[in-house]
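Shared between the two complexes below is chain A, which has chain B as its partner in the first and chain C in the second.
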Partner chain A sequence: MSPSLAQYNRRQFGSALSYALLIAGALLVIFPFIWMLLGSFKNIEESNRFPPTIWPESWHPENYAQAWNAPPSTLGRYLLNSTVIAVTGTTLQVLICTLAGYAFAMLRFRGREVLFLLVLATTMIPNEVTLIPNFVTIRRFPLLGGNDLFGAGGSGLYDTYIAIVLPGLAGAFNVFLLRQAFMTVPHEYWEAAQIDGCGSFGYLWRVMTPLTLPTLLTVAVFGFIGRWNGLLWPLIVTRSESLRPVQVAMTYYQTEFLTDYGTLMAASILVTLPIIVLFLLIQRQFISGVVSAGLKG
Partner chain B sequence: MERITRRRFLAGAFSALGASMLAACGQQAAAPAPTSAPAATAASAPTSAPATVSQTGSTVKIEYWHRIGGDSAKLLETFAAEFNEQMKGQIEVTSIAQGNIQELNQKVRAAAAGGGMPGAVMADDYDVTQYYASNILVPLDEYINSPEHGLTQEQIADILPNQFNRHKLAIYEGRTMAFTQGFSAFTTFWNVDLLKKAGVDAPPASWDEFPDHVRAVSKANGGVPGWLIGGAGDRYISTLKTYGVEWLKEGGNESNFDAPEALEIMTWWRALSDEALLAVPQESARDAFIAGQSIYFMDSSGNTARFSKDVKFAWDARLPFQRNTPKPVTETYGPVNAIPKTSAEQQLAGWMWIKWLLTPAVHARWAASTNYFPSTRSALNDAGLKAYYEGNPTARKLVDEVAPYATILPPSPALTEVRGQITANVVNEVLLGQLSPEEGQKKLKAEADAAIKRALGGA
Partner chain C sequence: METTIRAAIARSRREARRTSGWGGVIYILPALIILILFEFWPIFFNLWISLWRWDVGPVAFIGFGNYQRLFGEGFVTRDYADRIVVGEVLESLIVTVYYVLGRVPPTIALSFVLAYMLFQGVRRGRAALRLAYFLPYITSSIAVAMVFTWIFNPRIGVVNAVLEGLGLPPQKWLQDPIPAAKRVLQWFQVGGLESWPDIAAGPSMALVVVIVYSIWASLGYSIVIYLAGLTNIPSDLYEAARMDGADGWALLRLIVWPLLKPITLFLVIVNTINAFQAFDPIFALTRNSGMGRGEAGGPLDTTLTMPVFIFRNFYERSNSVGYAAAVAFLLFFILLGLTIVQFRIFGRTSYDQ
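Here is the complex of A and B:
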């Protein structure tokens, strides 16, 4: 065998091995989705069977209709609520964190480092600790929901979309992430922009945002997923089913002793679809943002 | 447009901040004192409209928070609609699902701090203890005994005594802090086919015979495990109860894990574990039983609903094995209802609602939907519940054989930690051979007592 042929064969073997490993990895990742998809067509008896079957013995597409109709006001209402909560919350979060990150990265003011440290320190406080104070803040929000200036007399922002969205809009981790991204942009760009008559907002919008787009999208995707998957906080600050997100609806498929996994899986497919579509749309920028920020899943 | 200067911006920002701080520091709207017993003249049927629920003449609107999912959650909404129809112009209840046990508990604690408590709330036993310690519940005795809105002697006699008195406890100074709404209990399930294959007709008479019994049945069935335990801490404490020993000594300041029975249980559990006949599996012990992979399964009586659908072999259920108990005992599970401190009107409306839920026809539908035992004897005469039990005869059998003996564990603010963490960890360490049963017992006693002391505000 000539050296070049041996080299070619080695390369081919290496390539085949890489593909085999990648395919195995992809199968491993995609298996839960395949399981969920196949499970969504099983009836209650088969879906609760142990040991479980992989391929449905009989197909029950009606699980999807049942999943749609099971929660009060149908699953559609909850999907709409989640969309409103996730889109509004994520948009406001990106806006606020961008402005804060830009201020910490670019503006010179007294106490900047101390203030930034204080912001970072808030990441050390567990969510469980802030739950009740946040609820109290929402209930006693002044001059809204029948409350007076001192937050008494009414229910404040309780049972509103704003109550669901408000906490976490200025997440310290996202401020940190964006500050780091803004700091990687060479200072000369700012000087050049100033010569061209650009102010801070113009520079942020025209120069910084395009240059740090992957990081911004990373913040947006994490924010969107977090809000889409949120359960406890929306449950605590709402009472009306007409405001509650999809994760609350998911509890309607479970009982204490028996869960209708077929319907639950069908609902899970419907609920996961928007996240998958979002990821497919911006996966390149998202991965680039994750890599540049050094994040791990 | 006028330009905003930095000074103006800062002034505005500080004003907004100040307003928010004022609001946050403002006095919480004080929860109105619980109402005194509503005075009236004659005992009323549970479904009749009260004469004076509203003091202003308007409809009293309350929320009912629960942790039920699926069809039973919808049934609660149906109940609320029916109740509202009967109480038209008087009371309007909105039934709201608030997630699972933990989520409901967090919501109640948040509402206790920030306002917006419901008129009635579903709670599990340890929730009631916690809420009582937080002073957010109304004692129910005045409502129960109210001539106008309370229960008649006949109605009281209809409720199983253990359930009627479930939360009438010494730690509540003898007051009743929660009202029953069906229940389940610690129950023993077994695979009849596996026993038959070993030539055994019935389970053993007591715990004493249990180890040798499972050895024999397992041997005849290729070494199938005797008992796969779902939740080591829960089952250990339940088993201790069926030895006639409660986990907490009287007075509530010290655990009972120094009792000889505690060591005895740990010793035979360890022996069976070493022989691969008893284990705490990572996967579901319930699923393993359904798959015929263990001889026994001991858990809530509520499992009969699933087993009657999914189990493909002959199975049966009974009261858990006993040891040294003068009369049979088992542990009560399932939620109760309580009334948080709100206004006099709302509290009364809350009471009317939770009382209505126990009317025979309503309660029977609830029992059939949830597979909880009915708390009243009269519910068993309901045609719908009778029909349900015809399809699930084991559940009916357990109503007679298990339900009357079910009582709750002695409540303590430390129970959740002692059962869910401390006991579970120690039992696992003993079963895995990391501790001897004697070491396990000592560690369990020490850690549980420390947790109780912490929970009671000690060092």
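Here is the complex of A and C:
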């Protein structure tokens, strides 16, 4: 039974309507980015005009130079800080979570089930509860930063890269994701590897990681983006401009360039661009990673 | 003889268990140390901190004093004219609930509709459209929030330009503490809400802008998850239903929606928990709209959700750290209770199907 002409027409119309709505919606969603890009070339007079112009009347690429050189440190310094934080934090996190996920998936040891439940339980603990105690832990870290054994006297790990990176290095959800991925690898591989004289670490390194690369990549990209966009924790545990990340730096821009929207938008573009480029490079991978993380979780 | 063999086997088993035991623990040790130090220990430490008065003066142990303050004047207090009014904690709690209710249901509904249209109506360009909707999710940060403060600027913002073009009155958006519902009723010149206290009349105009930003930033995630769920529905189910003469609406109601219920549960829980804990959007959008102090949560505390309340007391003013810890504990129990309730409600209905 073939669909009647009326049905066919209705479906075509429905499809056209869907397209129109979806494209209109997408334009609305993209609009802030377009506005940001066009605005980044407007001078202070034009960006404060009402009604606003859409296309810049005159182009001012020097906004980017001004945003780049803005006080109290240059934007380059903040971008470098963010890169250091995101790269080292993500690398260590992937390493730590891979080891844990592998042990929970493959190795037998006493208390495994209980420990795994313990790890999963941490996903229920909201950030707000850990915020203040973690700050105190960092500040009172024994024997570091001039502190004595009881954490008094100095400033502990406060105002260091370590303070920014350390608390987020485990990530229970990542351990869970990697464990799921490792469990999909057939057990025969392990037996074959053992016959070839492969130990449990060699098996993880040579067989498991290549087979679960998509999941590892997902964890890494999630970790990178989270750290790049991170604001609250770095804001609280640092004081020196020389190690604060870009998102914290943006708060100065907001105060410094109050109504100079051209420069503000130029800074926003420079801060957001690395993430957009990274995302475009691996978007297929990443979206399927989000999906598997979401649907399994 | 037999017993010695049995003993030997038992010994070797014990040994095997013990050796692999240490091996396994060594693998998880780094993760475990960090989780214990920065996730579990803080719960107890936070409780401990909340038992102290920790402000500008000397630190002092006050037992449950912070909790007395929290549930006492924090919930009900008297204003300058000695009238009984809502306390700061209850007010913050109400603002948080407005924020969550304003953000989560629209996110779920919009993402479902958009995902369904993407799945049903679109063959070419689906990847590009999905990309467009997903972009805000990964870029949401204080840098991107800045363009929103420009777009919603009361004096020069493009949104007000559009409103003016449509013949509607311009708004003060992020600087407006008046409930949005009152403003809308003013447009249409109908009364009814004037006598209500502002806190009871729904989210302020400023909070509505924060909600719009938050929906914008979180929509893409839910769309992508829904889209994957739709793709997982076996196509013969659609075919069978079509054969039985089901039209688009029946298809949606009888097949798609029931099958996607577990995904909806997941998205409701994730979005609710994220919304309750949201800090960055509110901080980024409201920091400069306050009365010159540069504090987040303004104007007139109408965007002061609980995470921002905690931040203000702990960091911005750092005048009552113990009190902030007590409020953090309250938030923790609210979230825990909420998750359990959501599992109960949705869990039951999805098993019934």
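The rule is simple: the second predicted complex is superposed on the first by the 233 of 297 C-alpha atoms of A that agree within 3 Å, B and C clash if a C-alpha of one lies under 4 Å from a C-alpha of the other, contacts with A are read in each partner's own complex, and residues count from 1 in each chain.
Going forward, a residue touches a chain if its C-beta (ideal position, glycine included) is under 8 Å from a C-beta of that chain, and two chains touch if they have at least 3 such contacts.
Keep in mind that what you see is a predicted model, and the values were worked out from it rather than measured.
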In the superposed arrangement, which partner chain does A:Gly153 touch: chain B (first), chain C (second), both, or neither? first
Figure out whether A:Val175 sits in contact with chain B (first) or chain C (second), or with both, or with neither. second
Figure out whether A:Gln254 sits in contact with chain B (first) or chain C (second), or with both, or with neither. both
Quick one: is A:Arg239 in contact with chain B, with chain C, with both, or with neither? Answer first, second, both or neither. first
Going by the contact rule set out at the top, does A:Arg108 touch chain B (first), chain C (second), both, or neither? second
Contacts of A:Ile96 with chain B and chain C, given as first, second, both or neither: second
Kindly classify A:Ile23 by the partners it touches after superposition: chain B alone (first), chain C alone (second), both, or neither? second
I'd like to know which partner A:Val271 touches here: chain B for first, chain C for second, both or neither. second
Give one of first, second, both or neither to describe whether A:Glu45 is in contact with chain B, with chain C, with both, or with none. first
Chain C versus chain B, contacts on chain A by residue: C
Interface residues of chain A shared by chain B and chain C, listed 48-51, 131-132, 135-137, 231-232, 235-236, 251, 253-255, 258
Given the complex with chain C, which residues does chain A contribute to the contact? 14-15, 17-19, 21-23, 25-26, 29-30, 32-33, 35-36, 39, 47-52, 96-97, 99-100, 102-104, 107-110, 112, 115, 118-119, 122, 124-137, 166-170, 172, 175, 200, 225, 228-229, 231-232, 235-236, 246-247, 250-251, 253-255, 258, 261, 264-265, 267-268, 271-272, 275-276, 279, 283, 287, 290-291, 294-295, 297
Once bound in the complex, which stretches of chain C touch chain A? 17, 20-25, 27-28, 30-32, 34-35, 37-43, 45-46, 49, 114, 117-118, 120-122, 129-136, 138-144, 146-148, 150-151, 155-158, 160-161, 164-165, 216, 219-221, 224-225, 228-229, 248, 263, 266, 270, 273, 276-277, 279-280, 283-284, 287-288, 294, 306-307, 310-311, 314-315, 321, 324-325, 328-329, 331-332, 335-336, 339
Chain B partner, complex, touching residues on chain A are 44-45, 48-51, 72, 131-132, 135-142, 147, 149-153, 155, 158, 231-232, 235-236, 239, 241, 248, 251-258, 260
Provide the residue numbers of chain B that touch chain A in the complex, in ascending order. 19-20, 22-24, 26-29, 63, 68-74, 77, 94, 96-100, 103, 106-107, 109-111, 113-116, 284, 287-288, 290-291, 300, 302-303, 305-306, 309-310, 370-371
